[in-house]
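So, here come the structures, one by one.
There are two complexes below, and they share chain A, which is joined by chain B in the first and by chain C in the second.
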Partner chain A sequence: MDQVLQALVNGLLLGGFYAVMVLGFSIIWGVMGIINLAHGEYLMIGAYLGWGLFRYFGMDPFAALLLILPLMFLFGYVLQYVLINRIVERPHLMSLLITFGISIALANLFKILFTSDPRNVSVAYNGSVELLGITFPIVKSIIFGVALLAMLGLHLFLQRSRMGKSIRAAAQNRTAARIVGVDINRTYAVTAGICIAITAAAGAMLSPTQAIFPFMGPPLTLKAYTITALGGLGRIPGALMGGVVLGVTETMVSRFVPGIGTNLGVAISFVILVLILILRPQGLLGGLRPVDPDAE
Partner chain B sequence: MKTKINELATLPNRLGILNMTRLRMLVLGLVVLAALAGCARLPTPEVREDVSSATSTEDGAAANVIRIGAAVSETGKYSREGRDTRQGYGTWLEWVNNEYGGIDVAGKRYQVELVMYDDEGDPDTVARLVEHLISEDRVDFLLGPYSSSLTQSASAISEKYDKIMVEGNGASESLFERGFRNLFAVLTPAGNYTQSALKMLAEQGAKSVAIAYEDTAFPTSVAEGAQRWAETYGLEVLGVETYPRDVADVSGIMAKFKEAEPDVFVGGGHFNDAILFIRSAKELDFNPKAMVITVGPSNPKLVQEVGADAEYVIGPTQWEASMGYADEHFGTAAEYAARYEARWGEPPTYQAAESTATALALHLAIEAAGALDTDSVRTALLDMDIVTFYGPINFDDTGKNASKPMGAIQVQDGEILVVAPGHAAVSELRYPAPAWKDR
Partner chain C sequence: MMARVWDRLARLGQGWGGLGLWWLLLAVLALYPYIGVTHLTLFLGSQVFVLVILASNWNLIGGMTGYVDFGHAVFFGIGAYVMGILVTKSPLLISPEWGFLQALPVSGAAAAVFALLIGLPTLRLKGPYFSIAMLGTFVAMREIVRVLRPLTGGGVGLNLPPVLNRLGDYYLMLVLMGLVVSVMWWIRRSEFGQSLIAIREDEIGAEMRGINTTLHKILAFMIAAFFTGVVGGFWAWQNTFIDPDVVFIETRTVEMVMMSMLGGLGTVWGPPLGAVVIYVLQTVVWGRLFGIHLLALGILMVLLVLFLPEGILGMSGRGGSTSLGRLLGRIRKRAEP
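And now, the complex of A and B:
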């Protein structure tokens, strides 16, 4: 029983990270209809920022979030305004190409800047606490807490604030939103800013738990894609749900299948993806309808 | 129809913002230029021509020149290790031409010309280059590229043309299971990577081992070897787990091993995995008495990135400058290291040392054969039984160096110190490692 509980806890903690990691991807997709292939690279930038601030300024990666969030918001805002907004209403292939291009450019830029040597942030408190016979990894528990906070904050922002309402309006019907006076360009730029800031924050929180290197992005993008399909587009509860389902499945399989468990755990996320696409294409919880070009 | 209307609707708009668009294009252009400038600042790869002063003519042998060819990564994913390999070959080349006075073939001195190309880390390119070296440059012998996968591809060509290839950077055992007659490797094969470490740990009283490895060629070789050696030294194997490339989380494996409570944990993988294993073990409070991990620990970068948590971690190493090997040509391992550092401005990695040893082995085989034809040199290589600054070299029938033991290092107080085998050790093994909580 203890083993099952321990695996469940590990899975939940992993799922919490997955959820905050996927949030930006899911919302950009849901609101703008863009599959952001550079998502993993934004995580990578965040991870390098976390590492750089730790290494050169001695800043704790979680404290560094206060700096990384506004910085990456700005980055996302400008990137969206200058580049992505130009193609957002064009055919999907354009956005796929441009985000793919961004991902290649960023990965190689970071290779030039930092070489491909793996980096890691070594925080002093990366041990564990034992509670009721279950081991809680400290760093991963903090990530879980921050992830929940981020999701709650974003949820309130989208539901309550004027800008949040604009974003939801733009997601539901771009033309109608325009008619009632929503500045779509600005709304999209803010959306991208928020999404990329949260993504980079997830990357920074990742830096104490594993090796970071310029080419770490693509597998994470793939994972984000799976989780989004699982949980539904543009929905915060969907991201949490998808993340936790995947996290728990992966941990359970790798814990209880001998020999090839970890391999199988990774494979299973894609089996789930295929099943979901066949059986429930709208995701487990449904979701915002993807932007429909014919609606205009 | 709809699209047309849309286009018409946006047309005046586009015209209106033409200036704005131009401005944006300008900004974009600047960004691209800046990126290009960034690229241009990278050191341009320098293709080193032969350092020898000998005149090279179309027919090398007539002008007392032996031509040796190699395709080694200068760019691509192995650019770093490739540079070590090139510098390793270069160290031997300058020594043999300038100090040693050329290779002595049946009393006649031959200068050496080394022709090297950049294989870009690509198996197809390396095959093409080796073909070019043999048929266009008409080299007499070949030295290996960096990495098992490139050696796999390069040696297939040299075998086809019946040319000798001596290599020092492809450890995978699958290279030598193809029945090739012309491929020789001076380094310890992957299956023996954990031998010294496991032997030493068994002597210290370890009873059991758990093994996790990435399911690709080299780590698989290492892990199969580890299982074999565990059995040989009486260690019970409590669990064997594989994981895929690019894995981001090994907590499932580590949680499982935590319950099995092995004395020794063996991790076969690459640098990133070493960080994951150490992190994960600490997070889950998994306390094996020793952790043996490939690739990562012998690299000073691991200590830099992981800090104090890397303490007590054991890693296999092909060669360290502190080892006690010596030969009459380069002197002791330490003297070789000093020579290398004086020439290249950085201490030699083991990849550099094994590359120099590779060239030296070929050199000594040619001298022993007293001839330049493939058959005589092959026989000389098979008969070879020597000790160099890099360690003993004695090829078995398949071309592997069967006699060289793998070393083991342990991270002690932030330093990487050789603890095995006994005659090369500079420090005592620290065993058992204390639990994470007691450090």
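And now, the complex of A and C:
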């Protein structure tokens, strides 16, 4: 029983991280209809930023978020304005190819810059706390807390602020939003900026918990896709639910199925993914857009 | 003038003339080893042939059918592993030299069967959903192969018996390349190929016209997987060592996509042309700078999408939809008398 509870807690904590890591992917897809294959690479950049700031300036990865967020917002804004906005209204194939190209270029750029040696960030508080017979790893608990805060903040931004309303309008109907005076290019650039900033922040938070290397991206992109398919597009509660479902499934399987290491996490997400796409293409909750493009 | 030449060339490529020229080229390549070449050039030659085969196969599903497969290298990997397992573990093979040829079709068949199994659920997905599902298949398969230690050797990999026969390799791949491109040429002309293009342009419309879209997609997928699997098996044999990281490597998918795109998606002669161009670029321009290859390919892919999405051969139409395409169109028009 204790073991089950412990695995459940671990899965929940992992799910919190997954939720914040998937937000950017889910919102970019929901708002612009672009499946961002470079998502894992933005996480990777964030992780490297976290590592670099820790290694050379002694900055705590969580404090570094204050620096990483604006930096990556700028990066995302410029990237969207210069590259992605040019192809956003062309067929799906083009956005897939361009983000695939960006993902390959970024991963290999980082391989050239930093070699493919795995890097680690070892923070001082890397221990765990015991509570009611259950172990809580400190770093992962902080990540969970920050993740909830980020989701709350994003939710308020999307619901309350003027920009957030523009973003939601652009997601629902691009043409109508344009007619009522929403600057689509700028709205998209802000959306991409926010999404990529949050994604990179998630990557930076990931840096104390696992090794960082240039090719860590694609499996994370796949997981993001699975979670989005689970939770529905562009929905913050959906991201949280999808993340928790995947996190709990992964920890349970790696704990209780013998002979399978955590390496198979990717395979598990893939199996879940295929099952959802076949059985429930609209996601478990439904979202901004259906996952099945036929219904568009 | 120029535009008319392009049109003539395009029509020639579709007709028997294109196939005739192709066979002429094959004949010249077949005579090539007799004019005094080294083992190295034979090896490089067979490598180029492999790239042409891979690009043509990817184009069948990605270019003609319009289902962009970001995990096509999974069939390459399955072919390679079937070859590796058969050669090292199976007692059925006659001798290493002949056992290799025996195992080669099995590699292809295994990949085709896998394509059937994975295609049944994934090909029901439209557009980007298929692409990412295949990317998932690819990443997941690498981990699965790593875990199935007793069969695949896990992360340690498998060592195949080294049998060096550069001339044999050269001719084998030459024949296979000739076959694959001829098959693509035939498909492009046949009703089957027209149906595939109809699926790419408008899948629902194609279905309304009475095309069994599922059957067509699965067949195209299986053909593309079969030849990719054969090439994978061949590669495992030639390389004499396989492990999950060298076989299931993203580079291969990236190269297939890039070569088809550069040459022209959905054309018969585009992918072979793209394969040769990329190979030359890779060896001559950025080959000497270690590790630049993929970075350059990624940047090239972004640039292609922005400026030349129809590829070199696709450009031959009326100018194209991008600024560079229109510019080339204007230049051609000005050159006309």
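Here are some notes:
Operating definition for what follows: the second predicted complex is superposed on the first by the 283 of 296 C-alpha atoms of A that agree within 3 Å, B and C clash if a C-alpha of one lies under 4 Å from a C-alpha of the other, contacts with A are read in each partner's own complex, and residues count from 1 in each chain.
Basically, contacts are C-beta pairs under 8 Å (C-beta built on N, C-alpha and C of every residue); 3 or more make two chains touch, one makes a residue touch a chain.
Quick caveat, the model's predicted, so the values are computed rather than measured.
For the composite obtained by overlaying on chain A, chain B and chain C cannot both be accommodated without a clash.
By the touch criterion defined above, A:Leu273 reaches chain C but does not reach chain B. In the superposition on chain A, A:Gln3 makes contact with chain B only, not with chain C.
By the touch criterion defined above, A:His92 reaches chain C but does not reach chain B. When the shared chain is aligned, chain B and chain C each come close enough to touch A:Ala105. After overlaying the two complexes on the shared chain, residue contacts for A:Ser122 are found with chain B alone; chain C is out of touch. By the document's definition of touching, both partners, chain B and chain C, reach A:Pro219. In the superposed model, A:Asn36 lies in contact with neither chain B nor chain C. The superposed model puts chain B in the path of chain C at one of 57-65, 75-83, 111-119 or 147-155, which is 147-155.
Judged by the document's definition of touching, chain A residues 83, 105, 109, 112, 219, 260-261, 263, 266 lie at the interface with chain B and also at the interface with chain C. Within the complex formed with chain A, the residues of chain B that make contact are 24, 27-28, 35, 38-39, 42, 77, 215, 239-244, 246-253, 255-256, 259, 271-272, 275-276, 279, 282-285, 301, 305-309, 436-437.
Those residues of chain A whose C-beta lies close enough to touch chain C in the complex are 35, 37, 83, 86-87, 90, 92-94, 96-98, 100-109, 111-112, 218-219, 221-222, 225-226, 260-261, 263-264, 266-267, 269-271, 273-274, 277-278, 291-294. For chain C in complex with chain A, the touching residues are 66, 68, 70, 121-122, 124-129, 131-133, 135-137, 139-140, 143-144, 146-147, 250, 254, 257, 261, 291-292, 294-295, 297-302, 304-306, 309. The touching residues of chain A, counted against chain B in their complex, run 3, 6-7, 10, 14, 82-83, 105, 109, 112, 116-120, 122, 126-128, 130, 135, 137-140, 208-211, 213, 219-220, 223, 250-251, 253-255, 258-263, 265-266.
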